[in-house]
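Two complexes are shown next, each including chain A; its partner changes from chain B in the first to chain C in the second.
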Partner chain A sequence: MENRPLEYDYTVAKMFMFATIALGIVGMLVGVILAFELAFPGVNTILGSGVAEYTNFSRLRPLHTDAIIFGFTLSGIFATWYYVGQRVLKVSMAESGLLMFLGKLHFWLYLVIVASVVVTLLAGITTSKEYAEFEWPIDIAVVIVWVVWGMSIFGLIGIRREKSLYISMWYYIATFLGIAMLYVFNNMEIPTILGTNGIGESGFGDWWHSVSMYAGANDAMVQWWYGHNAVAFGLTVPIVAMIYYFLPKESGQAIYSYKLSLLSFWGLMFVYIWAGGHHLIYSTIPDWVQTMASVFSVILILPSWGSAINMLLTMKGEWQQVASSPLIKFMVLGSTFYMFSTLEGPIQAIKSVNAIAHFTDWIVGHVHDGTLGWVGFMIMASLFHMAPRVFKREIYSKSLMATQFWIQTLGVVLYFTSMWIAGITQGMMWRAHDEFGNLAYSFIDTVTVLHPYYTIRAVGGTLYLVGFLLFSYNIYKTMSARPVEESELQNASPMGA
Partner chain B sequence: MGIAELQGYGYVALTSLLVLILYGYIYHLYTKKRDSDGHDYEEYSNMALRDDIDDAPVSAISDDKEK
Partner chain C sequence: MFHWLEKHPFFFAVGVFLVISFAGLIEVVPSFADKSRPVIGTKPYSTLELAGRHVYIKNSCNACHSQLIRPFKSETDRYGHYSLSGEYAYDRPFLWGSKRTGPDLHRVGNYRTTDWHENHMLNPPSVVAGSIMPAYPWMFTNKANVDTAYAEQLTIAQFFSVPYNKAVPMKDGSTKVVKMGSTLADAHALALAEAKVIAADMKNQDVKDAVAAGNIPEIVALIAYLNSLK
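And then the complex of A and B:
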């Protein structure tokens, strides 16, 4: 056997990078189609009324949300885990045949689930719980894949050379544990074929169909405990893991305060889990649950800003890098959008603000400044940082990256500003009444007023998608760009013109 | 004393305890500055900055085995 020096093995990271890009394109494309459907209802039947079932808003909407959350974002989390995990633990996956096998098994099983999700959602097979639409056979498969990922995480930790776990590792572990708990409890369900009715008949419905074990207000509370914490442990915690590794690494700057990172971690873990009830303010759940959710949402500003400010201060004395490197731009703007979004969320969770914001497009705007500005930017920045190290080639084009940055930033700004105006307009119009208490507007009045903002949103979404296609092209071309030396990869990523 | 009043006292006690733990942790971090292995917490940033496979770990597992 030839005696080669030990190297990190990025085989599995690479597989998940490709999945991130493919699922990102699918998820964002469907999102843009949906935005145009809302602005121009004719788009719902654009391929003819024969296939309207597959092109209408309600059928495509879960495909958009699930492709982005469980496709694009989750693949990004897995890709960065298989990269960062090895590096901060200083152990290569090549050192363990078992871990390599588990990593590949993880990827292929995940892909099977992705395929079955796409097929079932398009066929209209769904539990109808938001962000938990998968039916029971897929839920069981998800649990299996999650366990495989867990074995892979703790297996790598088990053979590590570095005794302490870097802060990003804590966040990845929290992602694993948090989602495991949330997913299992919210998806407790009984297949209908096992049910029996009052007169002893059984075997109802298709074999894949199920009903939730929770009902009424309990179902709502469990659902939003899950739903909001999917945002916590899927769209926040693992993305913080990314920025704590990739920003210091790319800029060559040590984290401003490692102690603050520890403190923010425990703060986030403790506070986030209580905030889900803010989705149910002014609904039929106990008043104290609503108040508690509102209070915890406001407290959540502290740990969120703890991490975000820590990241911005990491750039202290090195702000010229923001001007010179588009990669740093993505991360610094990502961190800024994280601050922005974690201030906006608590404001919306205050009861009096929620009276206007609830059910309006402002909520959709809030979600998207977080997902487009924070999650999307951080995942793309992480992949940009990884690409030269994984492919051992410089990033194909720096100017293309800068172009992408500005196109997407414009897209995000158009998206959230249009949704702010639309949402607040909508909220005010719904509440407006005359001196006798008669509503001043009917629903269609709001639809007419909102049309221009829906169009602006669709344009914003299109710009973001265009940027993502530029990103995909840049990564694709990177695979055949100029080869680089190991010494070029210390900090700032090498980039072509 | 009814259950609601008990819940009230319990809530205050639990909140105070958690606040004490949090501030205790902050006090600990900023006065001790080092963990039980004697490493300054800020050294741990180097786990990301010096993460090549042949870089020396900040605190190596093998050190433990030698002890």
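And then the complex of A and C:
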């Protein structure tokens, strides 16, 4: 057999790349609509009062969060997995008919779930639990898809040539296990159709309706053990997997420190889950859990910054690349936002700060500097790195990438600064008392004061969406307008020359 | 050890799983042993209230309204006594929310009336000038889902021993019985009787006509639920 590099099969990776782009556009567009609805309530009936039920803020809000987390981000995770997995394990999907079949099955089942989620959420079929809104039939489908993905991961591992698992693999495995554990336990529910047998006239009521196995404070605790760690294992762990692969590849630099990656990985695994209770500070869950969550949230800075610093130091001696390559810009700013966001989170988890920040827009701002600045940037950077190799074509336009970078960076900055100000303003106004000890402001005062910040946020979100459309256009043109190279681009960075 | 783990994916995965399950075992599981018990005065939701709770969930009211009063003077001044764990004993799911775009609703039944909600849900800024809450006109025509609410009552009575048709202690020393229908028709009759009381305080003629004809619009159920939050 002739001695040539392995050719990898990117069929499934491509499918998920398209899903990432399509669902990203949907999720971000819905987000922008929501932002304008808060600034200008008339937007709630923008398509007429007849369909207002489906364009209303409250109906769209879960659709936005789920489209971004389980649509855009999860597709991005799968797309990168089907690219990175083969490469770090040194095995091609094409070598196993079974793995190929599982990969495609994974994609199509996933699409079916996405479609059913969109329909049910618009119809108002929801369990109300954040990021776990799906009713039991969809939950079962989610578990099936997850198992298929697991088989695909461990199947590929089973036929690997490279015996040692690269750092990115650790994070993909952790993503798989973490989400599996969290999702199953948080969605324990009893279909109410089961309860109807008792009176001898079974089968009434919505068959898809269910009731949570947990009540009240217990339900809250399980939900935020899940909710917080869905962020951990959906928006952090797999994104770290991406940067550990794509930054060294793109920059041509070796990872700065293996020991630091060990420390950050195992540290993150151990510490993250404890911090879930910081969503319930000053609630009715046990006080010791609240304090533990607070303390562990602060400790969480260590493994988070460990990864981020490891990434930044990987660029040591090669900082000129940040100036010359827009792709490196995305990744370096992504790690910087990761550091920023993982400092902000622990600050908000300190009890006295949480007393002001909880329930306000500051939390919304925190989520978005993480998701827009870190998750969004890293997924787009990963797709930009993959595109030339997957499609065997150079990136269509480097200057479009740079334009996109600056537009989106401005968008993120407008977003989080306006939400900081809005959140702290509102938090302070809620608690203000006058000289007689009466509340200084009625609730509506604390709403109307936010109008300028809501407007700025909507503008920031729009800029980010515009940037994402530029990204989509750039990828589309890369696929279609560029001449096809003879074989997969091996080392030429798309930014070279 | 780490080098060895990196070459043995199975043991690696087991290691990761052990490490990530630790926190849940210590923080979450013990609280289940001491399961949340209802405080005196907390009673299960009636059929109509539960149907209203489903309307609340269907429209994600919890995306903008919390149901959790924190133990601060500014919050107890604004919303009433701070929330207690046992008050949520019959809340499946919990509806604490995570964002207060609008005010907390945990005790809204103490200071808002049927009439107030009716006007407010139809046109929020006409009641609260400057409000950014959207209107919910479809709740005045959509029918409340009593079937599903009753199915849920049967389920929670059977699986979680929620005390329907049993005496529940109240704060003033008396007891109250929350009735649950013994048949589906019975459940509908109970819900309708409750709906008539609400509709009597409402102005909207279509809603009154619907209730008189035996149909329950979503708004009636929602108001029954909101009034029960005390």
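What we mean here is this: the second predicted complex is superposed on the first by the 465 of 497 C-alpha atoms of A that agree within 3 Å, B and C clash if a C-alpha of one lies under 4 Å from a C-alpha of the other, contacts with A are read in each partner's own complex, and residues count from 1 in each chain.
Going forward, a contact is a pair of C-beta atoms (placed from the backbone, for glycine too) under 8 Å apart; a residue touches a chain by one contact, two chains touch by 3 or more.
Fair warning: this is a prediction, and the values are worked out from it, not measured in the lab.
Look at chain A after the overlay: chain B and chain C fit there side by side. Contacts of A:Trp406 after superposition on the shared chain: neither chain B nor chain C is touched. Once the two complexes are laid over each other on the shared chain, residue contacts for A:Arg161 go to chain B alone; chain C is not touched. Touch criterion met: A:Ile285 reaches chain C, while chain B stays clear of it. Set side by side, chain B and chain C differ in how many residues of chain A they touch, and the one touching more is C. Judged by the touch definition given at the top, the superposed model places A:Tyr476 against neither chain B nor chain C. Of the two partner chains placed by the overlay, only chain C lies in contact with A:Ile199; chain B stays clear of it.
Applying the stated contact rule after C-alpha superposition, one finds that A:Arg87 touches chain B and leaves chain C untouched.
Using the contact criterion defined above for the overlaid structures, shared-chain residue A:Trp108 touches neither chain B nor chain C, since it reaches no partner.
After overlaying the two complexes on the shared chain, residue contacts for A:Lys129 are found with chain C alone; chain B is out of touch.
Judged by the touch definition given at the top, the superposed model places A:Ala174 against chain C, while chain B stays out of reach.
Superposition on chain A leaves chain B and chain C with their closest Cα atoms 5 Å from each other.
In the superposition on the C-alpha atoms of chain A, the part of chain A touched by chain B in one complex and by chain C in the other spans residues 163-164, 262, 266, 270. Interface residues of chain A, counted against chain C in their complex, comprise 37-38, 41, 44-45, 49, 52-53, 56-59, 61-62, 124-130, 154, 157, 163-165, 170, 173-174, 177-178, 181, 185, 190, 192-196, 198-199, 201, 204-206, 209, 211-212, 214-223, 225, 262, 266, 269-270, 272-274, 276-277, 279-280, 282-286, 289, 292-293, 296, 355, 358-361, 363-364, 430-433, 438-439, 443-444, 447-448.
Partner chain A is touched in their complex by these residues of chain C: 2-3, 6-7, 9, 12-13, 16-17, 19-24, 27-28, 31-32, 35-36, 57-64, 66, 68, 70-75, 77-78, 83-103, 125, 128-138, 145, 147-160, 182-184. Chain B makes touch with chain A in their complex at residues 18, 22, 25-26, 29-30, 35, 37, 39, 41-49, 51, 53-55, 57-64.
Interface of chain A with chain B (complex): residues 5-8, 87-88, 90-92, 160-164, 166-168, 244-245, 248-249, 252, 254-255, 257-259, 262-263, 266-267, 270.
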